[in-house]
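Two complexes come next, and they have one chain in common, subunit A, joined by subunit B in the first and subunit C in the second.
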Partner chain A sequence: MKEKLKKFRFTRKAFAYPYMLFLLIFVVTPLVLILANAFIYDGKFSFKNFAIFFTEKSSLVVLGNSILVGLLTTIICIVVGYPAAYFLARYSASKIFVLLFILPMWVNFLIRTLATKAIFVSLNVPLGMGTVVFGMVYNYLPFMILPLHTVLSSIDKNYIEAAEDLGADRFQVFTKTILPLSLPGILSGITMVFIPTISTFAISQLLSDSTVFLFGDSIQMKFDQGLYGVGSVMSLVMIIIVLISNFVLNRFSKTNTVSGGRTLW
Partner chain B sequence: MKTKVLKILIVSIIAAVVVGGSIAGIVTVNRENKKEKLVIYNWADYINTDNLELFKEYYKAKTGNEISVVYSMFDTNETMMTEIIKGDSQIDLICPSEYAIEKLMKKGLLQKLDMSSSEYEYVDNVYPAIRERVDAVFPKDGDGAGMNDYFVPYMWGTLGILYNAEKVTEDDLATGWGLLWNKNGNPDLEGKILMKDSVRDVYVATVVYLKDEGLLDGTEYESLSIEELINTVDDNLLKMCESVLMEQRKHLKGYEVDFGKDDMINEAAYVDLAWSGDALYAIEESYDEATDSYKLDYFVPGDSGNIWFDGWAIPTTAQNVSAAKEFINFMCRPDVAMRNMMEIGYTCSYNPVSFYDSHDEFTQEAIACLVENEYAYEISAEEMAEYDEGEGIFYTLDDVTYDLTEFFSDERRYPVFENDTEGKLGVMQDFGDKNDSVVNMWERVKGGDEFPWQLIVAIAVSIAAVAGVFGIAALVRTLKSKRRPHVETQDELLRT
Partner chain C sequence: MANNIIEIKDVTKEYDGKTVVRNESISIKHGEFVTLLGPSGCGKTTTLRMIAGFEKPTSGRIYFDGEDITDLPPHKRPVNTVFQKYALFPHLNVFNNIAFGLKLKTIPDGTTYTDKKGRTFDNMRKYTKAEIAEKVNHALKMVDLEDYGHRDVNSLSGGQQQRVAIARAIVNEPKLLLLDEPLGALDLKMRKDMQIELMDMHKRLGITFVYVTHDQEEALTMSDTIVVMRDGEVQQIGTPRKIYDEPANAFVADFIGESNIVSGIMIDDYKCSFIGTEFECVDKGFKPNEPVDIIVRPEDIYITKGKNAEKGQLTATVTSCVFKGDHYDILCDANGNELQIVENTECNVGEEIGIFIPKEEIHIMHKSRIINEYETEMQEDGVVKMCEADFKTQSTLPAGTKVKVSVPFNKIDVTDDEADGTVGADVVSSIYKGSYYQVILRTDYDYDFFVDTEDEWLKGDRVGINIKPEDIIVEAL
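Let's look at the complex of A and B:
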């Protein structure tokens, strides 16, 4: 009896089991269901859902548009977020600014988006693609800044000093030292911004009065209308995009990371 | 040793919580079992919740049993149907639209109601015209059972256009359904038109528009009545719809899901494709005290379009059928029906004639509810004399006579469809196997056919901006480094 008790070791690992269970029920099971649904048409196994999706020009156009919106949002987030994260990381008084950046994240994103809409309406800004991209950037900018900030503030200052000692000017210090060292942050920022923007539906619906129709809207509409098969195929396409971009980004970060860099995502 | 004690302590605490929790769970389940339960699945914002409380009292009085009501809501018929088709739901009562009832009925997922008036005293108060119409549209099956045997109408209404009477002119209204396309070219309305993001309703508006515009002339669809037309779905007609809907995009403010009423009241939009009940609700809200008028109004263009009926039905998987039937019966009681109507704006299926012809306790309560909501006006004998014989609707309550004419003869609320010989207000059936084609058409329309120039330009500009910043920085650096050796030589010269 004592032996048996000894064999069951109540290790720290056991504390992770509740979350493992959660993952199993709410992440793995739905994924399996999506996979199964994608192959079911009229109650029978078939590839028809794939045929429907890939032959319908409009869904592919919607997907293309969404990728463009995702790209634009990501680029704007990097352009705006990188300098911000850089200065936040360099100056010690920046804690308040970091707080200001995180503060909107504590407000539910639907409320934030509705508030943005109210602001645009009161300023008489016509709702459309521009406002949608603005809303996306506003909502996803913190996801770009936070990983960048973590990576940039963890860069050892000695690297920078070493570079300066070896005769690099400020531009060279940035391009040859800081930028490569912060690459993991940029990459995790991209994954955390690009993929969610493609699948967003509430932001585009609210900030354009549904005139901008993105891939997320399309998936939502399919499920709303009871077209689970095609909707599942579209979700699969999303998952494949996620996997591909993760794979590419990981390869990229492995070959380029200078020692000391780490991926957050 | 200490850690061991700690571990044992943690384990025992967790065990205590788990065991205690499950015991508590069992106890509560047991307690609930003694009480009956009714699970209702209805449209959102589609009932006066006071009636749910009243139902519990009514049920206690009639059967002697306590009942708890679980009330959940859906926002599209499709959501509801999925829930029922899954087949394992615990839902006792649903309230979908007629086409959804037809679909579920054909799949054999609904129970026959068999509610005799001896047992359920209020069910017979349903407006007979609705029953007749349903019988006419949805033919009875082999053994003589029609859709009327499977459902009891709850609310009904039309599809039409809610508009801002201050901005929309008579000429605009004359264009009928064309108002949604701003056919009159009123510059005030450009970008102020809302379309409902619901493909069935859009389809009705579009095909009737096509007919009105004469775009169907010379085609096989020309001779169809409205009812036949809105139930015709084929690739050719879908293509015509798609092209006019694409063309409509540039006039629109957008496609609304649930903010149409608010946008209309706040004047963010001037025209909206709306259901009669939502429209009446919005009109009520748009009352302007300063001018003593309503900003908004509603009309069904050419009195032609869609008429719909929502009703109660009981799924085959229902657990508490007798309570569900009692609930249906209760919903048909005049005061209950009136309270619902006052709350949500839609027209209840209660026969309007019964409202002003009966004088029992509940009808009086219903009329009192009308009075309270300022839909009934006190009228003197002289004023009454101004009406011709047989004209006007009056009701005497506590020795005061009220004029109900305005309420009951308002065609926005009670559209005339009994003698609709031309079939102008059509009941819409399920799209059937054409559903996917219609959804795809709608998706293409919502996606639009504009090439995303702005996006590509914006991406190019932002990439160029980044490249530009780096380029300038690099340029500045090379210029500096070119200058540097020159400076150094000068230094050397000075030194020497």
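Let's look at the complex of A and C:
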């Protein structure tokens, strides 16, 4: 009896069990299923699924398109988001502005996207690649601004003064201190924008009336058509792309450990 | 003027209506080691930042080599700063931190060109990589960090970071080096070493140093000239010797070194009286019987013991004697006044000693104020308004009369709780004067009450002020 009691002791670790269970059922199991599915064709072990995917020209084009859209979205987000984050941090007079930037994140992204589509339609803007990229930027911009804002507002004013003192004008202060010091924020921003955009499917479907086809869309379609094997292969490719970009970004930020290796997100 | 590298003229700096530096005028000579000394919040760092260009004076001008630089941005000033927290760039290694300024600098390349109007200009060029490397390595050598160029600045100790910060500033060969409490973050031993190194560097480089510190010992050790500041005002400018020996007022005396500050009376030229005894002194020019502050350094008091005790100018009873390694710190009671004495011989508590003070060591200063005065208007029923608060008096003057209200220092009651007082105030200064504390209480209406009290009040505390009606002297103007 005594031993049993000991076994079931309610330790702090126990609080983590429900989520562990969740992870096991909804994350690990599907991953295993995908891995298994990718190697099953006609109920037998085979590499045929891979052969189908890598010989099908259209799916490779879709993959290329997705990466292109992802890159484009990320670049636009940096170009638009950096100045925004910079001025928010510099003139932090109003928290309301920060709130305005985050506010859209609290609205479900499907509703946001549908609303964007309605606006485009009413303005007679032709739906296509342009509107898809716009929708992506609109949806993911806050994820770029937030880490940048965090980093930029935590930069010690002393560094800026030190640079000025050493002869840097305003532009040089920016390029030689602020920009390199905000690199961790840029990297987190890229991670938060690029990786989700290449796998999104609803935005492209809604904002292009299903004329622009991205990788996420085609994975979804393969599963809809019951082609689990090829769908799984594509998912694997997706996962590998995510892992590679994560690895590259991590490597990059490791060589640039700024402000004591602080990590964001 | 030509001799001065920096000339600060009537500079005032206000933040949000609060004056942090008031009517400041300081001249700094070429090659001098000048220290701005004062307690925190006295305006010394603001002064330094105005010289560096990070702050603009609200009024007044700053000249550099006779040239008005008041509106020049920091990057155009031939001045470099060593910051309090070093501010080394974390994304650059030691070498690149030091090279930062050099990489931005342009120098004449020896050739010239003439523009359409016939004016001749030097062609400018950047330093070459080799030149930068040579200069950086030379600077690293100066601060004894020769092999540290490739190191990450975060991997360095506080003292090493300090050296890098100094190297980063001096590598640009500024005409003026500003140092903002550079040793504040170091431990005592390291601080002492760095003090000597900085003095040595000052001598070798021959550039002007402006050094900010709140550590009076550091200031006395290192400087050619000390500027003592308090509440945004310059109290005294002079050599360390002069400031120590002849403090301009009770604040300077209290802030620099240990001192006995007592109230006394200047009976006549060369004759004063304090702690119930008449002394000869070397000062003159005071009004007969003028109340004055008298300052005597603890090491300037001589004692006689045993049978000779009676031979002193007065006798005192020892109340405490503490061994301090190279001397004894003696406290004694002389006619109700506490005197601190530094002596080489041990005394016993309760022992009678004779006290002798040479006339050259008695420093006499005008009192900054001998009574609290306030100009206001009579209200109904003998009430006067001071600092927006109503004080009852025994005056029968009609309402509306312009009056001068006077309150002696020792007639003011200070209460612990602001709510118990007629008006609230902050304790801004507390100086022990032998048998009582002289406390300065600043109300929210920028009026200072001087109070003599037996209790010690801590600087920064919030207190209340009460005055009995019979203690308020009202005179019609």
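Here, the second predicted complex is superposed on the first by the 240 of 265 C-alpha atoms of A that agree within 3 Å, B and C clash if a C-alpha of one lies under 4 Å from a C-alpha of the other, contacts with A are read in each partner's own complex, and residues count from 1 in each chain.
In this section, contacts are C-beta pairs under 8 Å (C-beta built on N, C-alpha and C of every residue); 3 or more make two chains touch, one makes a residue touch a chain.
Values in this document were obtained by computation on a predicted structure and should not be read as measured data.
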Partner chain in contact with A:Asp156 - subunit B first, subunit C second, else both or neither: second
Partner chain in contact with A:Ser218 - subunit B first, subunit C second, else both or neither: first
First (subunit B), second (subunit C), both or neither touched by A:Ile75: first
Partner chain in contact with A:Asp169 - subunit B first, subunit C second, else both or neither: both
Partner chain in contact with A:Pro180 - subunit B first, subunit C second, else both or neither: second
Overlap of the subunit B and subunit C footprints on subunit A, listed as residue numbers: 169, 172
Residues of subunit C touching subunit A in the complex: 52-54, 73-75, 79-81, 83, 85, 87-91, 100-101, 104-105, 154, 168-169, 172
Complex contacts: residues of subunit B adjacent to subunit A: 7, 11, 76, 78-79, 81-82, 191, 194, 197, 199, 249, 252-257, 268, 435-436, 439-440, 442-444, 446-448, 452, 454-456, 458-459, 462-463, 465-466, 470, 473-474, 476-477, 480
Contact set on subunit A toward subunit B in their complex: 10, 52, 56, 58-59, 61-62, 64-65, 68-69, 71-72, 75-76, 78-79, 121, 126-127, 129-130, 133, 169, 171-172, 175, 205, 208-211, 213, 217-218, 221-222, 224-227
Residue numbers on subunit A that touch subunit C, as the complex places them: 156, 158-159, 161-169, 172, 176-177, 180-181, 183, 256, 258-260
